[in-house]
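Okay, so chain A shows up in both of these, paired with chain B first and chain C after.
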Partner chain A sequence: MKKKKFNIWPYILISPALLIVAFVVFYPIIEAIFMSFQNYDLRRPDKISFIGLKNYIEMFQDEIFWTAVKNTLIWVILGVGLQFIFGFILALLLNQQFKGRGIVRAVSLIPWATPGVLIGLMWKWIYDGNYGVLNDLLMKLNIIDQPIMFLSQTSTAFSSVIVTIIWQGIPFFAIMILAGLQSISHEMYEAADIDGATKLQKLFRITIPSLKNVIFITIILRIIWVSNSVDIIYSMTGGGPSYSTQTLSVYIFNKATVLDLGYSSGMALLLMFMLATVAIPYIRKSFKEGA
Partner chain B sequence: MSKKSFANKCFTLYLPLGLILTFLIFPFYWTFVTSIKPEHELYGATVTYWPKDLTFASYQKLFGEFNFLLPMFNSLLVATITTVVTLTVSTSAAYAFTRFDFKGKRIFMSLFLTNNMFPNVLLLIPLFAIMRSVNLLYTPLSLVVAYATFTIPFSVWMLTGYLKDLPNSLEEAAMIDGANRVKAFFNVVLPVLMPSIIATGVYIFIQSWNEYTFAVLFTNEATRTIPVTLNNLIGQLGVQWDLLTAGGIITIIPVCVLFFFAQKQLIEGLTAGSVKG
Partner chain C sequence: MKRLLVITLVALFSVGLFGCTAASNSPSTTDETDSSTNKNTNSESDDGEGPTLTYWYWADNSDYSDLMQNIITEFNETNDKGITVVGEEYPWDGGGFMETLFTASVGGGAPDVATFKLTSTPLFTANDLLANLDDYIENWDKKDDIDPNIYDIMKTASGTDSIYLMPWNTQVLYVYYRPSIFEEAGVEVPTTYEEFLTAIEKTTMDTDGDGQTDIYGFGMRGATGGQEPWGSFIHARGGSFDDLTSEASIRGMQDFIDIYENGYVPKTATTDGFNEIIANFKSGHTAMTIHHTGSSADMVETFGDDVSAFPFPAGEGQWTSMGDTENVIFESSEHKDAAFEWVSYLAAEKGQEDWTVATGNVPVSKTVQELDFFQENEFMKASIDGMSYAGIVPIKDTTTEWINTIWPNTIASALLGERSADEAMEILHEGLHEE
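Right after this comes the complex of A and B.
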């Protein structure tokens, strides 16, 4: 493989992808940095000018911003955490032998391939305060005696939205962990059986340590995707009522749709830095394994 | 494995699996049932779990009055072009990353890899301004360009993984027989790689078909894609749940068909990188 002679071919081969990415990713990011130092508001395009750190200072004094940061943390910790737990359970179940396993596995993945907007709308209808099926079920089971306005009161809106993101994320965790489970050799379990290990011991001593890598990468990918996701919350509540379901990306999106681009760019850059601290170990790790 | 009694298997397998599956599948069932209910049953005093009077009126209305074919066509157009463009440039880049050693390879690879962590909302804002200034806003092309931000990095990553598993000896043998590298690629590597390319393509297609945040800002009445249209069904005259759920069912049918088709390869590609090592 190692050739001393300069070879132009690899550069030619990567250049189309690289040029597109440079134009649609790197150039816009530089643009975003510039915009964040301007009062870039397309509702008043003639007044755009550099304003230094004003957007950032405003952010730190903006209560809605801090609510959004807090919501993002809850959203990611509860959302990804419970996706992981239920995804793990589903993977352990799907790893057992039973009839129709292939079809069950395929079907359980559908939520992952469903558009975010549609997921939001499907659940909005389930949660509906007047005609929603969840209220009907809970009333039939005598758990409640009055319908709950799940999405329009601050006490229940955020948890309802979190249940939805958990629903969406279980399949991805399940397939990743299932693939990990299937790569563990049977010999380890057989050896443990000979030594008289219990089921729980095998789970904590063999299964979980062998899955460390998959779990690590999947969690990081999900953290990035879940904190960036806009469509589910946006179509369910738009961030309300009174900002109780507004995460940082939804706040940024809401600001962008009213064309306050300078302020939203500033917040988006902060979000990127927060994600970078999570993602850097992932990138390091992929490099150790790859190339 | 020792024999398990049926009762035991109920508790360790069927019951928990049944509960999780019900949770995962019920929303789809409910969406479908809603789409075939007449209006008086949707907003009646009692909730019915299967329609008493089954009707496909909402589907007729969706394609008649609401011209759902237009957003379907727009989505298909955008997703197809995005898939073709992304696959072409990504396969070529992935081939370079796995078959050549060259200066700056690690830096270039990390450029693609870091892309996965940029928030969509970060790129959305400057891209909106850029599209406006180059007059691409509200055209399908603006969406193709926007979707490249996440489809290309992801596809390069997936295809690099697949290509790494193909032994080099494959094309070397062909090259010894006198084929040049280009010929060897098209005659030997490409046919073997095809299932993986198709799986990656399915992933890109689904992602573009499903995307909302870029689409809502980058399209107008004429170029609207399905997710935007679905969300717009809210608000015009309250929420028309029968239309909305019918639209939802229509939207996920192609996704499901594609997904079942490429499921096995796709899962292998997604998990290959993280399972090893």
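Right after this comes the complex of A and C.
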């Protein structure tokens, strides 16, 4: 059997793209690693020096850092989890035949197509304790007799922001799952009908197993995006009141904007490693499918 | 072996490509630089034209944008040195302007002149980005038209004995109030801090008898920026920014907490920023709030005669915040003499009058302060009355973080009862003064 001739040209042609990727992705990561071992604070440029693990030690002693880690976990678990559940339900509804389905599908995409900062500002006014439409509605329905300070008190601020990110993310899950639903063969459902399967049996034995890959990929992608998301929280609360809505990415952003780049790089690397543990299965799966 | 060959070739190709790109860029950059230098030289010498300055500024609205462009046009047409200023506007973006300016100047793309805020001075001077103005000001014929105290504040900001900022205009905070609400509540304009606290209490009213507060006495700002009015409460009890853990400072903080807990301010105060306090005042939701002349035109448009102002009253101490906008010349500028002509035009000449009259900011030029416009305006009067005790939050490496993050979060926790006044002040003191 003739051995396949080795061709060098594909490698040569791909090398400029590889070089660019190396420059814009790997170089900043390496730079961030170096910065995280320095007191790289541009407010004190004359004092920048190598400090070993001091940033990391300080981080573990930083009360606000741990609040941010706890908030990030809640933010991701509740945010992504509920987005998925509601997105799944919406996809099942949109998969039904009904009049005006096209319009409803298009409208349901609006939250996903709206910029995060705009969503933040819109919900900030919806929640407003003095003029907010939500308080007005609840009072007119006699559900409450005093306005709720949704974003101004620690007890309600974080859950209010989580509701906003859920609202934003539902269409993403809905559309992806809907696409998956449409690829499931009708013959499987017909066969199940003949066997006398109930609706729930069909959901758990046909629909969900068939959507396994879509669900896996969308959840992993959304975990990464939601963890990194700054825009909604920042425009709604800035991480307050009293750090109650401060996630790790918002804390990194706040530290970076005051030019404490060493400390924020350290936190960013930790967040990157946390996300890498989630992203690695996704990357491995992508490679397997590509092979 | 083949693999090694591939890797070597790919590496060589990449380096070669990068080298080619760099090489092909270099001459053109040099050519461009040369040609632009030649062009400048020609325009300065042969054509008899002066240098061209790049000026970065922000404007709070489109009227101010037009105003600045008009001032620039007038300067370009009237200055006798042939200087051309090219004004480039960037949004203030909640302070993002200063970050953009810093990034650009560190990266070698600084303009010749830019509008500036005192609080950013240490960052820029520590990186040797600003031109020293000592000699320019010393030899300036209008030097005495600006109060020496203002030059001292410029020096304090840099942490040296040198001036790096050219004064331009100030905004002194004072208290806006609604005369009709005062009348309804039966209170006079307060002249002491105690009277001010009483007025806050009395103007908090349930006007329709449904058991709910309809008008709050005071619009408290708990979000970023609120440290300025808060500072007045601290100083009124005899405290100061230098020692936030002193008994007097803690008493001022306790007043702030009490006002919130007693329901004299909207419960949203923990997160209320500039937009919220202004909206609350303009909708009649609050009887008093603290801001500067920047919002006076808007207030008059809303209330007509039913809005007035008084300086923050004296207690054991007295302080109000002096906002500021200056101009700086960058060290990298090749036309510093021309740049000083421009910033001095804005500080004490026609540019000063045009800008301050139109924007309602307090002029730094004594000559301009004497104009009827400033003497007869009640809001401007409250500002000028406050100038004698106006100050700034200490400018340190820590100030930006303290203002943006530490202050609002700590204040929120104190107002919500999660921290006592002295615990909160301990955190605030440490956050501001840590080395």
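Note that in this section the second predicted complex is superposed on the first by the 275 of 291 C-alpha atoms of A that agree within 3 Å, B and C clash if a C-alpha of one lies under 4 Å from a C-alpha of the other, contacts with A are read in each partner's own complex, and residues count from 1 in each chain.
Methods note: a contact is a pair of C-beta atoms (placed from the backbone, for glycine too) under 8 Å apart; a residue touches a chain by one contact, two chains touch by 3 or more.
A quick note: this is a predicted structure, and the numbers were derived from the prediction, not measured.
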Touching partner for A:I208 - first (chain B), second (chain C), both, neither: neither
Contacts of A:I77 with chain B and chain C, given as first, second, both or neither: neither
Touched partner set for A:A191, first chain B, second chain C, both or neither: neither
Partner chain in contact with A:G129 - chain B first, chain C second, else both or neither: second
Larger contact residue set on chain A - chain B or chain C: B
Touched partner set for A:R44, first chain B, second chain C, both or neither: second
Touching partner for A:L53 - first (chain B), second (chain C), both, neither: neither
Touched partner set for A:S152, first chain B, second chain C, both or neither: second
First, second, both or neither for A:L18, with chain B first and chain C second: both
Touching partner for A:S242 - first (chain B), second (chain C), both, neither: second
Set of chain A residues, in rising order, touched by both chain B and chain C: 11, 16, 18, 42, 130-131, 257
Residues of chain B touching chain A in the complex: 1, 12-13, 16-17, 20-21, 23-25, 27-28, 30-31, 34, 42-43, 47, 88-90, 92-93, 95-97, 99-102, 105-106, 108-130, 145-146, 148-149, 152-153, 156, 160, 164, 181, 206, 209-213, 216-217, 226-228, 230-231, 234, 241, 244-245, 248, 251-252, 255-256, 259-260, 263, 267-268, 270-271, 273-277
Parts of chain C lying in touch with chain A, wherever the complex brings them together: 2, 5-6, 9-10, 13-14, 17-18, 99, 102, 122-123, 126-127, 212, 222-224, 266-272, 276, 279-280, 283, 285, 397-398, 400-401, 404-405, 408-410, 412-413, 416, 418
Chain A residues touching chain C - in the complex, by the definition given at the top: 6, 8, 11-12, 15-16, 18-19, 41-46, 128-131, 146-147, 149, 151-154, 237-243, 254-255, 257-260
Chain A - residues contacting chain B, complex: 1-3, 7, 9-11, 13-14, 16-18, 20-21, 23-25, 27-29, 31-32, 35, 40, 42, 86, 89-90, 93-94, 96-98, 104, 106-111, 113-119, 121-123, 125-126, 130-131, 133, 136, 167, 170-171, 175-176, 179-180, 183, 213-214, 217-218, 221, 224, 227-228, 230-231, 234-235, 249, 252-253, 256-257, 261, 264-265, 268-269, 271-272, 275-276, 278-279, 283, 286-287, 289-291
